[in-house]
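What follows is a set of structures for review.
One chain, subunit A, appears in both complexes that follow, with subunit B as partner in the first and subunit C in the second.
So, the complex of A and B:
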């Protein structure tokens, strides 16, 4: 019963992701595109929950939906006039984009479906195998093998540099 | 039980929709939205591979976490650049931005 519920939820999320990502790149109004992007990001957090990665889902919600979307909406309000619509799509660009996307999608889907992944006999895939929060914290803050304190600190410096650089670039002279 | 290929097909559709938007759109913000879609699909792929192929390790999850943080930083800088471009050229259409500083 739970398996069926999971499958139904997965298909709802998949349809929402596909539909909203297509609308996000085809919508003429940039603000609507940002809202469709928000829906895609929320559904991605749902996929992480289905995969039992709860911490990743929370990070996705707070960083993407909470942070990046706010940045997008600020940027849209700062850079577009009232009732602004983008010009109609350029035919040649649309055709080349559709051809590239379809060709790439065909190749990758063919390779994905054709390939036999060897996870069927791995017992830990099935069942609830939630990642313990304590393990996540110790892996993030540890200094041993397969632990990530150094990259965590490098990332914090990168974020600081980006904040300073963003202010420096966008300030009024 | 949902098989791994389902997730991979969804994320590759998302990836190539992003590629389409990257090629076809002319607004800089729309291009940035397409880049976000691409990055997001790659992060789904990392966590799906981690869950299904190596569920006892955590490398994929942490790669996704760091990817999310780096894409946040990248978006912040890109939006700062766009605001600056809007001040200089008073639009953010990629066809009109063909000059450097002068």
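So, the complex of A and C:
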């Protein structure tokens, strides 16, 4: 993709992410907050697309937009009544929240500026660096060095335990 | 066989010769956007007309026959009517979410529409994770439906949305698993690559028994995902008036209506791309003369004929079977369809290994 177009798209996505994240935190209607969060997650997927990392973008879409956010929405639908609004936060919590956010911003920007990026400072490797789906799949399912079959299976057992636990709690009479 | 790549390349080079690279890119973005939206709208008009006619024939009626010859302009007239209708504001509804919901549904559907290979070289988005992308982006529609049900401030909408949400996320599993069968067989997720591999025989013929089972399960699951036919519990008009879009009016309702029809098209198009060879002509190994004659039929015609065949089957099912109860509906998915899909996936893996 050409230079200017990439920069313009990046700034549109960045502004949308920042604005929607702030609205997700400050909105007093919980359902709206969930929708703002969805927009943030979709724009993050857009950033991955911009980096030519299609696999991660699609995973972001399917896991967050298709899975986790639907779970949030179902939970909200089942627990809160129509027109529920949260209480306005008290001053101390707002101040401490803002301070924590600023500290986080400081740390991440310091780390980003300080970090020596493998590709960023090396103009010879710039260009299309798309990780092929095949490579991702084989690395995820391989048993050799730097391959992740064991952790993948361990995670799936963890998820199974969560599902069984959830059913156990829900069925308690 | 004539490829649309020549046309797109010609547009690209002629744009780049008269303006800067970024300008050309911008113009191309706009052109592709307009092309996809116009194609989307025209297909919706065609589908609504086709559905009404086919439904009428199944019910021994004539269907629309006043506007134009055989009523072919009926859906155009309906479109003008729906554009002129008033948008009714619902009391005590969450106005912003109410408006946003219809956009979520339509965005999910348009983004999926863009990834379909319509003809040789005519595909807007071609990721190497194409199949996964289609499955992921179409799940945006569920969010829109849940939002619509919640923000309408109506019991009917709410129940419809809950049913629809449960139905969509359940049947997505079967649809995904049936597509995985083909991914296992072809070894790729890129749609253009999958179509290219079917040049010497479509997967439904080449892929032995598992591919055929996957085709049938995908059609069933896809049909359920479009909220149509025997699976339209979400909008069961005898009990919920219209389900999640009860409170919508005018073009906001039109968006839901449009997305529903285009989702039917998308399911049929994906089925024909994955199983019936997409735009590939019918080739039988060994029959060179026959294959050569088949090559003269344009690729987009092949694609649309196959897609129309799949859509006709969906309409056939819709107007032939009575509606299921919601527990039967979810039982069908979790107790019957999903185990079949899982076993079928194992079967296909065995076929590939042998």
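As a working rule, the second predicted complex is superposed on the first by the 150 of 173 C-alpha atoms of A that agree within 3 Å, B and C clash if a C-alpha of one lies under 4 Å from a C-alpha of the other, contacts with A are read in each partner's own complex, and residues count from 1 in each chain.
As a convention for this text, a residue touches a chain if its C-beta (ideal position, glycine included) is under 8 Å from a C-beta of that chain, and two chains touch if they have at least 3 such contacts.
Since this is a predicted model, take the numbers as computed values, not measurements.
Q: In the superposed model built on subunit A, check whether subunit B and subunit C fit or clash.
A: fit
Q: Determine, under the contact definition given at the top, whether A:30 touches first (subunit B), second (subunit C), both, or neither.
A: first
Q: Is A:146 contacted by the first partner subunit B, the second partner subunit C, both or neither?
A: first
Q: Let me test your reading of the model: by the given contact rule, A:16 touches which partner, first (subunit B), second (subunit C), both or neither?
A: A:16 contacts neither subunit B nor subunit C.
Q: A:44 contacts which: subunit B (first), subunit C (second), both, neither?
A: In the superposed model, A:44 contacts subunit B only, not subunit C.
Q: For subunit A, which side has the bigger count of touched residues, subunit B or subunit C?
A: B
Q: For A:58, decide between first (touching subunit B), second (touching subunit C), both and neither.
A: second
Q: If you've got the overlay open, could you tell me the nearest Cα approach between subunit B and subunit C in whole angstrom?
A: It is 14 Å, taken between the nearest C-alpha atoms.
Q: Report, in rising order, the residues of subunit A that make contact with subunit B in one complex and with subunit C in the other.
A: Overlap of subunit B and subunit C footprints on subunit A: residues 3, 55, 59, 74.
Q: Can you tell me which positions in subunit B touch subunit A when the two form their complex?
A: Residues 1-2, 4-10, 12-27, 29-30, 32-34, 36-37, 40, 43-44, 47-48, 51-53, 55-59, 61-62, 64-66, 68-77, 79-84, 86, 92-93.
Q: Applying the document's contact rule, which stretches of subunit C touch subunit A when the two form their complex?
A: 21-22, 25-26, 92, 94, 96-97, 100, 127-129, 132-133, 135-137, 139-140, 142-143, 146-147, 150-151, 153, 158, 162, 165, 169, 172, 187-190
Q: Please output the residues of subunit A touching subunit C within their complex, sorted ascending.
A: Touching subunit C: residues 1-5, 29, 31-32, 35, 38, 54-55, 58-59, 61-62, 65-66, 69-70, 73-74, 77, 82-83, 130, 132-134 of subunit A.
Q: Which bits of subunit A are touching subunit B when the two form their complex?
A: Subunit A reaches subunit B through residues 3, 6-7, 10, 14, 17-18, 21-22, 24-26, 30, 33-34, 37, 40-41, 44, 47-48, 50-53, 55-56, 59-60, 63-64, 67-68, 71-72, 74-76, 78-79, 86-87, 89-90, 93-94, 96-98, 100-102, 104-105, 108-109, 112-113, 117-119, 122, 124-126, 129, 131, 135-136, 139-140, 146, 148, 151, 155, 158-159, 162-163, 165-167, 169-170.
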